[in-house]
Amino acid sequence: MSKRLRSEMGSSTADRIVVRGFDLSQDLIGNVSLGAMAFLELKGRLPADRELAVFDAILVTLVEHGMTPSAIATRMTYLGAPESVQAAVAAGLLGLGGRFGGTVEDAARMLQVGGSAAEIVSDYRARKQQIPGLGHPIHKPIDPRVPRLYEVAAANGFSGRYVRLMDEIAEQAKQALGKALPVNATGAIGALASELEIPWQVTRGLAVIARAIGLVGHLQEEMREPLATEIWERVDAEASGGAGPAPTE
Amino acid sequence: MSKRLRSEMGSSTADRIVVRGFDLSQDLIGNVSLGAMAFLELKGRLPADRELAVFDAILVTLVEHGMTPSAIATRMTYLGAPESVQAAVAAGLLGLGGRFGGTVEDAARMLQVGGSAAEIVSDYRARKQQIPGLGHPIHKPIDPRVPRLYEVAAANGFSGRYVRLMDEIAEQAKQALGKALPVNATGAIGALASELEIPWQVTRGLAVIARAIGLVGHLQEEMREPLATEIWERVDAEASGGAGPAPTE
Amino acid sequence: MSKRLRSEMGSSTADRIVVRGFDLSQDLIGNVSLGAMAFLELKGRLPADRELAVFDAILVTLVEHGMTPSAIATRMTYLGAPESVQAAVAAGLLGLGGRFGGTVEDAARMLQVGGSAAEIVSDYRARKQQIPGLGHPIHKPIDPRVPRLYEVAAANGFSGRYVRLMDEIAEQAKQALGKALPVNATGAIGALASELEIPWQVTRGLAVIARAIGLVGHLQEEMREPLATEIWERVDAEASGGAGPAPTE
Amino acid sequence: MSKRLRSEMGSSTADRIVVRGFDLSQDLIGNVSLGAMAFLELKGRLPADRELAVFDAILVTLVEHGMTPSAIATRMTYLGAPESVQAAVAAGLLGLGGRFGGTVEDAARMLQVGGSAAEIVSDYRARKQQIPGLGHPIHKPIDPRVPRLYEVAAANGFSGRYVRLMDEIAEQAKQALGKALPVNATGAIGALASELEIPWQVTRGLAVIARAIGLVGHLQEEMREPLATEIWERVDAEASGGAGPAPTE
């Protein structure tokens, strides 16, 4: 009566490890890059060079954003559990939710679910929701990542319908709202991921993959030049007005 | 050939939910307190009043410690993923590792693994390790939680061999190191948990249970009076020397 | 220019620890139960007896649900990281999202946001969304937890407007859909939490607090009678069709 | 009096985002691969081709191991919180602790802390600890990943002192224990990471980075062909002997 459990991700025997149909030792180790391996995991096949160029560009963009809330959470967790590098990274990843990591997903969903730019802008305005992928509070007048991402896409033949749709949405929004709202990095990434036919449901995973790298970077810096105790002591002293933190709690 | 999976934690049928052998609706809801329910989960039986008094005292002690690194991690995670209360609490719990939550476990293990106070102190000194459960950088000369915890234990008949052993270790450490190192809250909790015959491997779980409550408290305060963005902006501005955080990353 | 950081959760000096305005050692340890301490964290004051009875009943209901996906995730995590009890509990809590822990939040939000039962049912039907807090696939014809929760509420004077609204929603739904959809445990908990004036945004935190206890219970059972390896080996053998798991990965 | 907060990870101004000293848009996006970006995060400089070849080979090896306990935890978490891809990945990463992800760290520490092979083997035997990086319960007589990793290292000039030390430890262990214990994948990875001068404290982070990719892969498969409910129902039915799981808990 029960359903058969089946997975195509990987398997192993005494002398062979198979990942997505490839022999890990013979076909992948030493033959493919990390980005190509990630592409294989998500698409079930190795990328063409032009696909890998765009895929790597997306992920490279998402690795590091400086001292984000996620990086602070990772450093705080490491302070309490220095034996658990994996827990500190996990704590940081947990902040890639609706407000941060979710924005790439929102942009990709908007593009993939369909409709013309005019319909999309009008729908968001009717729901009084912010249109994903447009505008930036710091990077003005334009987000410097966008022209570069578009350049990489164009050079590799991926400046297609989703890039056009994203641009048309920005243009429609400008007309509807009466102010310039240029495409930002999450909008460009949403468009490029869509060009690569990555389902929008998985695009938040791209942010997770990239940020895991960035958070390990922050952890290494924290090991060498710790900031967490200083941040904790300042916040605690000001917020609770007490004698400061109790190191053994 | 395979092992039978068996769990005694709980089960349900159409008209009945059983938890640890009790009918949840008939025996537990409305009849037992939260502390008694936690005791039942860990011991497989309901507590006597005097057991519950000590068990509740342990947990009450561990709920709230102000603006700890865990509380900061929880608030940072909520900033990025406001839709995931459970993720924000989980991020804070991840910091209850070797440096914080682990100290109760260290004290309980020391007491339960056995040996005389003299042997234990001499072993720790030989390994150049700090003796768990002794001394406090802030709460001097004594940790105010300890006399109260001891009072509750004595009033309920749990001032037994583990409390004595913890006190003897403090006395031996004082003689060996030539300075007063009074029992701190984690030492007292390790002793009381041992008196209740809670295995040392589970004692870190007591800190996890209690702190989950405290972190939900911090989250509610963060919802009403947000601090996370202010902490982030200050840390980012100072640490990276840049123009400040980018709200959409 | 910056905002002052302020928290009322807790603070400490050399001889005193303050939690929510109370002296932890003098006022709380040994004087209040775990449930009362949780109420204090959320409400900023200690509960009256009749409030505590309902609050404890809610939490006791949510502690243990047997071998849930969360419990399996906790056990799997413990298998890989037996040194990190806190990480295993955190992994289990992460599954209290939209499908599970979120249902209490959905019911409380529905009740607190307002409108008559007829309006609410009609709104959910218009949006083609399932009405939270109604029906149960296993517990038929009624969820045995509901009459007991209602009994506790009535006995303590909390059978008020939210309980009535929840019942009216069930009645309206029955008429609109032509089949009985009695209030389930999450509906009753949403109503009782609303009676206690706990904001719906925090109600998911009640599930997190309670389930943290249950997951520590599962961990202790896993320590004594491990199931995780057996589950892993069966799933891996069937799903990947390989030679089974590689213990060092 | 307080310490200055400083981070070199990244910063941004209106028209420029800097990562580890490089202009993200001009220097990195479209110019460097994902592996090179990860190398930059950890080392503060871009890799030479021969370094990248070895670095990528390490990470590619660690991405996917089939239906591991981590993958099961990720799928269980997704079942409960399908809106939180990041939480599902985080739950899986939390299992990369002492038993799994920690083994690479153990091997790298053993190699980097120093001593001759004879001293190392004798120390581990005196402490009755298993020597990290040797033997494998499935991959016999040899782990197929090892010759390939060694080949990549040799081809790129990284078959140096750490690779030799790892091999000497295997040889000494064979003589001391009277049975063949060939170097396994974690031993080879520990050696290659040491050749790249990656501190042992960071090596667990390599497993975290790689596995984050693999877990996103599992999540995508789970979205398309869900296994979690079937696993849950089977485990619950057998373990609790009840009527099966309650979908709304």
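Chains here go by letter, A, B, C and D, matching the order in which they are written, and residues are numbered from 1 within each.
The definition used in the following text is that contacts are C-beta pairs under 8 Å (C-beta built on N, C-alpha and C of every residue); 3 or more make two chains touch, one makes a residue touch a chain.
Computed from a predicted model, the values in this text were never measured in an experiment.
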Subunit D and subunit B - chains in contact with each: A, C
Longest centre-to-centre distance from subunit B, chain (CA-based): A
Same or different contact residues where subunit B meets its copy subunit A, judged by the half mark: same
Intercentroid distance (Cα basis), subunit C paired with subunit A, Å: 30
Subunit A-subunit B separation of Cα centroids, rounded to whole Å: 35
Separation of subunit B from subunit C, taking each centre as the mean of its C-alpha atoms, in whole Å: 20
Shared-contact residues (touching 2 or more other chains) in subunit B: 5-7, 9-14, 65-67, 81, 83-84, 86-87, 90-91, 94-97, 101, 138-139, 227, 231, 235, 239-240, 242-243, 246
Subunit D - residues contacting subunit B, complex: 4-7, 9-14, 18, 81, 83-84, 86-87, 90, 94, 235, 238-243, 246
Contact set on subunit B toward subunit C in their complex: 2-3, 5-17, 19-20, 24-26, 28-30, 32-35, 37-38, 41-42, 53, 56-57, 59-61, 63-67, 71, 84-87, 89-91, 93-97, 101, 105, 138-140, 144-145, 147-149, 151-152, 155, 199, 201-202, 204-210, 212-214, 216-221, 223, 225, 227, 230-231, 233-234
Subunit D-facing residues of subunit C, complex: 65-70, 72-73, 76-77, 79-84, 87-88, 90-91, 94-103, 136-139, 184-186, 227-228, 231-232, 235-236, 239-240, 242-249
